[in-house]
Amino acid sequence: MKRSVWLLLIVALVVVYPLLFTTPFLQRLGALVLLYAIAASAWNIVGGYAGQVSVGHVVFFGCGAYASMAFFTHFGWPPIAAVPVGMMASVGIAALIGVPTLRLSGHYFSMATIAVAELARLIVTNVEALGAAVGLSGPVMPRTVFDLSFTSALPYYYLFLVVLLAVLGLTYWMENSRIGFYLRAIKDNERAARSLGVQAGRYKLYAYMISAGLTSIAGTLYATMYGFVDPDSGLGILTSVKILIMAALGGAGLLFGPLVGAAILVPLEEISNNLLGGKGAGLTFVVYGAIIMIIARFYPSGLLKLALDRLASTKPALSDQKVRDVA
Amino acid sequence: MSMSLLQVLIGGLLLGAVYALFSSGLTLIWGMMNVVNFAHGDFVMIAMYVAFMVWKVFGGGPFLAMPIAAMLLATLGIIAYFSLVRHVMKGPMLAQILGTFGLALLLRYGMFWTFGANFQSLPENLVGGTYDLWGIRIQASRLLAGTLAIVLTITLHLMLTRTSLGSKMLAVAEDSTAAQLMGIRPDRMQAIAWGLAAGLTGIAGALIATFFYISPTVGETLAIIAFVTVSLGGFGSITGALVAGLLIGVIESLSGYLIGAVYKDIVVYTIFIAVLWFRPQGLMGKN
Amino acid sequence: MLLEAIDVTKTFGALTVVNAVSVSLGKGDILGLIGPNGAGKSTFFNCLTGDLMPTSGRVILNGEDVSLMTPEQRAVRGLARSFQVPQTFETMSVLENVMIGAFLHTSDPAKARRRALDVLDLVGLVDVAASVAGSLGTPGRKRLEIARALATDPEILLLDEAMAGLTATEVRQAIELVRKIHQTGMTLVIVEHIMEVIISLAQQVIVFHQGHQIARGTPQEVTRDPAVVSAYLGKRAAADAARGFAGDQT
């Protein structure tokens, strides 16, 4: 029963974190961890569960971020009201990419996601209405609470926590429903799955579209917190990389993998940025690159799985079924 | 046809030939091992920096830089194959893509950290000036790059189809299990392919450096161009890469001339998406 | 007629691998396809399952032309198959493997689980339901594949060399299982190398040789057919006789 005690402690810590660690830096750090955990968990649905590696996932993040900032700039709406619009645009783009490429080998899909993300970034950089290279901003002074423009990071922390729980809840439900089983089967052996009537292309597409919509929410939340988006922050490949690596480091295909990855990498980046300054940004990504290569080479299942396997091997006769349940 | 349009076309063909040169390595690897090297563009970028350093340290031009870059990159390619690619090939798609993608980041930001974000460039007349042939102005550097690129790409194709080493590599591409039964070692062939592909990026990079700016982020754009070329040409087909490369070069130059330099990247990426939608097997691909 | 193949031909470039083969199966029939390697039986089999599309000719399932349909579309219409080299979901448990099949007719995991357990009971794998499929040996995997295919509640089950790689005892157990399945009303198409299996199980046999069907009939008729004996069975029949094998009467 020691395990459930540990779990309870972790949950409690997560819930009261910003009340325990009250400096603005630490509260903001916590909120950022949760924000990236949302994005990485959304990516996990298509990249981890469906096994389709989207390298250009930032395009959905950007849809959400730009939709919210554009709706404020052009119509004066509270940014959060643009969530449905961002989601619809994302789902549409996902269909555009997914329909032709998900029936081809995985490489085509991955390359297509990069190309579309870059295309989006180039287009937005040249469209005045979307802020061009300068970007778009949100409300300078909050007009109502719905503008979600807070000076302290604390409300953001709890908002993001609620959204993360919703995303994880949706993922958990999916994991244990037919689509979850089908995705595991497709990932394991697509040919065998199809012989059993599984419409592989369709389910991969569903996973991609769901992932896209949820990532867009993360983008909107990002924009409300920063009050700003530009082609680099909203559509740059580095955001795709960060999301991907957090999910992969923690454990793609595991429910809490992305959260673990975010909890490790977000503080790491903040600390290295503070220590190394401007040039540090380059070094951070050298380290990211090295980490990604090491994961790919030695721990493709991620750190969480590694930890769980270690724990499982210390307990007698723990069946695989149970190990998976804990994850 | 107006002189300036002809000039744009020829410029596009010459550039396209260089695209074909470094894309042919990518398509070779993809055809043989079904692995996409996401670090391919960054290999070219490294070669460009090698050319820069060769000039800075020895004062040498492309004829010194090309063999040095080719050897260095080939070594890098083989090391990457044995330490990383050979292992991730057998694993899930995520590991495969992450593997070379991580390498890309490592190389790109390693160079960023070493050289900074500033653009470097080789002196303009390193390869001689600009020729004026019947009213068409061509830079000597681009002319050299283009012609060498075509020669080398065709040589690669001939090597694969006419030599015994080449047919062994093609056999592995076709069916590695059958090739093994014939006594060919797929492992060795794949390592050679990686070394060869990387070596070609070395030559391409050294050539491009003579007329294009050098920066750590150049690899990203070049990677997409390589992907488009390989997709359009058909994966595994060197001749496809040649035709597609020339085509992309021309379309890119024409777009820059007709619509504006800012939009030529957009045109290239849009072509890519169109290819994926309508003809994913490319012009000459089989699958 | 449950399943019909009408003049199915498959060519790869200039090579004709299957040459105008026709077949007709009613409910409850068992069809055996035999022939040496490269004779075209596996290719014909794959045209029935949808892994390959016939170059010409038609495949008709329950009156519907399925010639150009994908395997998943055929599965929905009641056609299930096993693979020559077992393609089990290695990372999933035995139970979960079979559930994937069961999900064809229900989206409720609880119902799928119950159905899967029923099927596992039928094939005798209930005891290992929680084990990972990757931990099973070859006979277990083959049995699992059959269970998984059965869970889709098919009308016709196509077995691709299901007995290959099994010991004599395991082959006998597998034959028992196939008989049991047949007794539930299943229609079967079996591709096999092993004469014992075909003779034990099949009512109708087609012998393939170089893409053509060179003989068709009951197992007894086919084994006595001079064309078959000379092309394929010559040595085998003699060896079987020497071992004292008489063949079961189905």
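Order as written gives the chain letters A, B and C; numbering starts at 1 within each chain.
Keep in mind that, in the parts below, a residue touches a chain if its C-beta (ideal position, glycine included) is under 8 Å from a C-beta of that chain, and two chains touch if they have at least 3 such contacts.
Keep in mind the model is a prediction, meaning the values are calculated, not measured.
Per-pair tallies of C-beta contacts place A-B first.
Comparing mean CA positions across the assembly, the chain most remote from chain A is C. Averaged C-alpha coordinates give centres for chain B and chain C that are 48 Å from one another. Chain centres here are Cα means. That of chain A falls 45 Å from that of chain C.
One simple way to say how far apart two chains are is to compare their mean CA positions; for chain A and chain B this gives 32 Å. Shown for chain B are the residues that touch two or more other chains, of which there are none. Among all residues of chain A, none touch two or more other chains. Chain contact summary for the complex, chain A toward chain C: residues 176-178, 181-182, 184-185, 188-189, 191-200, 319-321.
Within the complex, the chain C residues that touch chain A are 49, 70-72, 75-76, 80-81, 83, 87-93, 96, 99-101, 103-104, 107-109, 112, 130, 132, 148-149, 151-152. Those residues of chain A that touch chain B in the shared complex are 47-48, 51-53, 55, 100-101, 104-108, 110-112, 114-116, 118-119, 122-123, 126, 187, 237, 241, 244, 248, 252, 279, 282-286, 288-297, 300.
By the touch criterion stated above, chain B contacts chain A in their complex at residues 30, 34, 36, 38, 83-84, 87-88, 91-99, 101-110, 112-113, 116, 220, 224, 227-228, 231, 262-263, 265-266, 269-270, 272-273, 276-277, 280, 287.
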